[in-house]
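Taking it in order: structure first as structure tokens, then the write-up.
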Amino acid sequence: MKRILLSAAATVTLSLCIGAAEAQTLSVPSWMWEEGNVGVWFKTNTAQFEAAEGIKVTPTQIPSADFEKVVTTQIAGGAVPDLMTAFTSMLPPLIDAGTLAPLDQCIADGGFGDRLLPSVSFAQVDGKTYGVPLTMSPWSVVVNKKLLADAGITEMPKTVEELYAAAKAVKEKTGAYGYAFGNDMAAPLHVYINSMQWVLGFGSDWSQPDGTITANAPKNIEAIGWIKRFMDEGLAPVGLGVIQARDLFLDDKVAIMFEGPWLMTQVASQKPEMMADIDFEIVPTPTHAAITGGAFYVIPAKSPNPEAACKLLTAYLSEDAQRNWLEGLLQIPGTKVQASPEFLAKNAWVGKMADIAAQYPGGIGYAPPGYLIQAAEFRQMVVDALSEIYSGKTSVEDGLNGLQGKLENWKATL
Amino acid sequence: MTQRINWLPIWLLGPVAILLAVILIWPIVQGVALSFFNTRILNYSAGKFIGLANFNALFQDEYFWNSLRVTAIYGAASVICTYALGLGFALLLNRDFKGRGFIRTIFILPWAIPEVVAVLIFAWMLDPQFGVGNYLLVMIGVIEQPQAWLSQSHLALPALVVLTAWQQFPLAMLILLAGLQTIPEEQYEAARMDGAGAWTRFVHVTLPGLRSVNVILILLLILNSFRRVTMIYAMTRGGPARSTETLSVLTYNTAFEYQRVGYAAAVGTVLLLILLAFSLVYFWSIMRSNQAK
Amino acid sequence: MTPARKKSILNGFWFVLTLVCAAIVFFPYYWMFVSSVETDSIFTWPPHLIPSGFSLESYWTIFEERDIGRWLLNTLIVAGSTSLFSTIIAINAAYALSRFKTTTTSVFTVIILFSQLLPAALIVVPLFVIFQQIGLYNSLVGLAIADTAFILPLAIWLLKGFFDQIPVEIEQQAMIDGCSQLGAFYRVILPLSLPGLVVVVAMSFISGWDEFFLARTLIASQDQWVLSVGLTSFRGEYTLDWSQMMAAAVIFALPALAFFLVVQRYLVAGLSAGAVKG
């Protein structure tokens, strides 16, 4: 009986080992593999790389909401990917634990060092560079000008009060929503990002670089109060995921969304005739801060194939691929690309977006200052509080006072 | 001859001993040990010994107390609903009628479905826009308009309790059915002779007859509710606003979402102590009912 | 009203109530199936309670667009190995516990009962570390071994119940006829406890098939995912719609249901006997 068991186990193990011992393959986890045109960009460039180098790439799609947890666990568990994408906010914990390889040599060999955006500094610690910018598109505003015009608004709102008036007019005259954002609590990251657009837009933040908690700062209360007002008065849809909100926008049911260029791309590919009616604009908050999520390419320190991973990274950062990221995907790539005049003439908003990003830098909106390593937990606590505020369980002021206390208590447990 | 050790049972039990030691016992010991360290998941081996500091922090941590409260409420509500459904259906099935075997199979089915599938079905039925559950509940007048069950903190827990009861009642029903069949028919006859109505017979014959089964079943349901992670995690991940974050889920989230392995181990250790306390009562009642036989 | 008539009305009432309850209990299954085969959009309000057509398109789509085939195979490997490991180990252990009454075996009985009640949430954190150290992390066989450990206590308990019911005399007779004790067990006792074996094989298969929590923690790469993990990854992603998700749910649930229906008679008898006995 024992012998049967052993031989059966051996057969199973054997067949699994044969599966693993193929030619050199790179495992590349990302949340972008299936993201519409971005996914196509990755697949195309990867296929070219595979053909040119004879190295196979295994794309691993992990949904963005789960991404940090899944890859962190993989790295901790020793199933280390070769090359991966990382949200900017993931860099501090990964670098701090010594899990990323310095890329200075790879950057030098690839010869793309002088093209990297200044935001590469987020990945630099003690003179070493642990990541290369992948994309640095700003979150700002995407507006349906036609819908606004139908409601008698000809000027893009420049203040929060004007935004409110516009949203009200849109609701009354067209029945559509004036403003929409993702507030499905099952996707905390999106809820958090939206709150950051408002909180940073009022010149405040949840915490300070020295670790002081400022959750109930008057400006935060004011900022969240505005979001709440839009929801309470039926000017913004409640409980909607960001994907459904974008669908509503494409359906001419939303006038203004605080969003990034990917929404423009989505319109361009799914409903090109709508492009004439929409535009990329400055956020009508007091500071107009255009926050950046941003993402990086990183190579783990224990990457099984670091050289090949560096080659793939170099391929992704080639000038052609990067130009395509800008002109094909209409998003800001991680390296400086000079757009052609024809392209800019055809897509005026892209130049505008670049200007907005340069003029109103909002910083990395996903990472709470002073808590870069504990960002995930911090964000969850903020979203917990927002969820109670948005659903009307508590007032804005009480909710944020409560959050202040919770964050301070939590700080003491670190 | 009697002094010789009989090696056969030891050989037979060896594999179990090794497996349980490596997969259950040793991890539990390590888990308890980890709770004395300050360590994050990316470098768990480089943890710093901090004595009882994790526990001190835990008892100040309102999310821990919240979890304790959620665990208690979820445990009580799900056990009551599961038991009530189990008993009700056991009584229905304990009658003689045509097609009883078939109906019994239908009643057991929820138990056979993978938890993950049960979660997906319920999440779809409770979809705020197109969920048939919302539609039916509006139709029979329980709610006025469709609700986003899983994203409101006062609705997620009830939804979870309903799902738990639906999936778990078959176990209760089967055990109670077996218990019902051990009650001698003569007792009911005697009660009828005394002019007892259906309700009186239920209270004075059925319930006392189920007593020993009840204690064990309810303890088992309580223990299961404390240990349950798959269903809750797959359904809500403990949210919204931590309204469904039981101690089990808090342990998992702290370790893998928030990456604080040592602190998570402290939460898990508290959970372990609570489970042990209930298990002792559980074993004690099993022993007692065995002795009674 | 005559008592007999009253009684038959009452019986009718209970029968109808039973049917209504069964319908409610069954409804989620019905809805899973209907949503997966509905031809019209399932995103309508009010929902069609009766499907307006029948189409298997959702099934084809998920097989084309997702790695369902791979996950099915992985799940099969895990469930099959779990079933094999736990049945073989449980047979021997249950026999030892049933036939040898020594201090060792009673200590074992207690340990097995206790290990059934340990919190998985605490176990997985160190288990994740241990598996990584001994090279079982991210391996399907490793997952099957973990699943085996979790199902073993119950499997042993059930089999022990079956062995207990077989008189020792049968074995002793075989031993007189020239069998060794183990030989008597394998040749005589095992065939007699076939229903018990079927239950343990099926139950451990189902538990390996359904398992999510360990799989989610102990398996990293997508090509090693099992169905339960793959299926939950669909939620939160929006590229897949509910009708396809329900199709995947049906594919995942069917084998477990089929196995269950085959053995439910034995399972019910075994479990209720075990539970009532304690």
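As written, the chain order gives the labels A, B and C, with residue 1 at the start of each chain.
The rule we apply is simple: a residue touches a chain if its C-beta (ideal position, glycine included) is under 8 Å from a C-beta of that chain, and two chains touch if they have at least 3 such contacts.
The UniProt protein names, listed by chain, are A = Sugar ABC transporter substrate-binding protein; C = ABC transmembrane type-1 domain-containing protein.
Bear in mind that the values here come from a model prediction, so they are computed numbers and not experimental data.
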| item | value |
| --- | --- |
| Overall pattern in which the protein chains touch one another (line/ring/star/complete/other) | complete |
| Highest C-beta pair count, chain pair | B-C |
| Chain A-chain B separation of Cα centroids, rounded to whole Å | 38 |
| Centre distance in Å when chain B and chain C are each reduced to the mean of their C-alpha atoms | 16 |
| Shared interface positions of chain B, touching two or more other chains | 44, 256 |
| Shared-contact residues (touching 2 or more other chains) in chain C | 92, 217 |
| Residue list for chain A, restricted to those that touch at least two other chains | 73, 76, 186 |
| Residues of chain C touching chain B in the complex | 11, 14-15, 17-19, 21-22, 25-26, 28-29, 31-32, 35, 42-47, 49, 89-90, 92-93, 95-97, 99-100, 102, 104-105, 108, 110-115, 117-127, 129-130, 145-146, 148-150, 152-153, 156, 181-182, 206, 209-210, 212-213, 217, 228, 231-232, 235, 242, 245-246, 249, 252-253, 256-257, 260-261, 264, 268, 271-273, 275-278 |
| Contacting residues of chain C [partner chain A, same complex] | 77, 81, 84-85, 88, 92, 128, 131-132, 137-141, 186, 217, 220-223, 233, 236-239 |
| Contact footprint of chain C on chain A as seen in their complex | 1, 4-5, 8-9, 12-13, 16, 27, 34, 58, 60-63, 65-66, 70, 73-74, 76-79, 186-187, 241, 243 |
| Partner chain A, residues of chain B touching it in the complex | 40-44, 57-58, 60-63, 128, 148, 150-154, 236-237, 239-242, 256-260, 263 |
| Chain B-touching residues of chain A, taken from the complex the two chains share | 69, 72-73, 75-76, 93-94, 97-99, 184-186, 188, 239, 373-374, 376-377, 380, 384-385, 387-388, 391, 393, 406, 409-410, 412-413 |
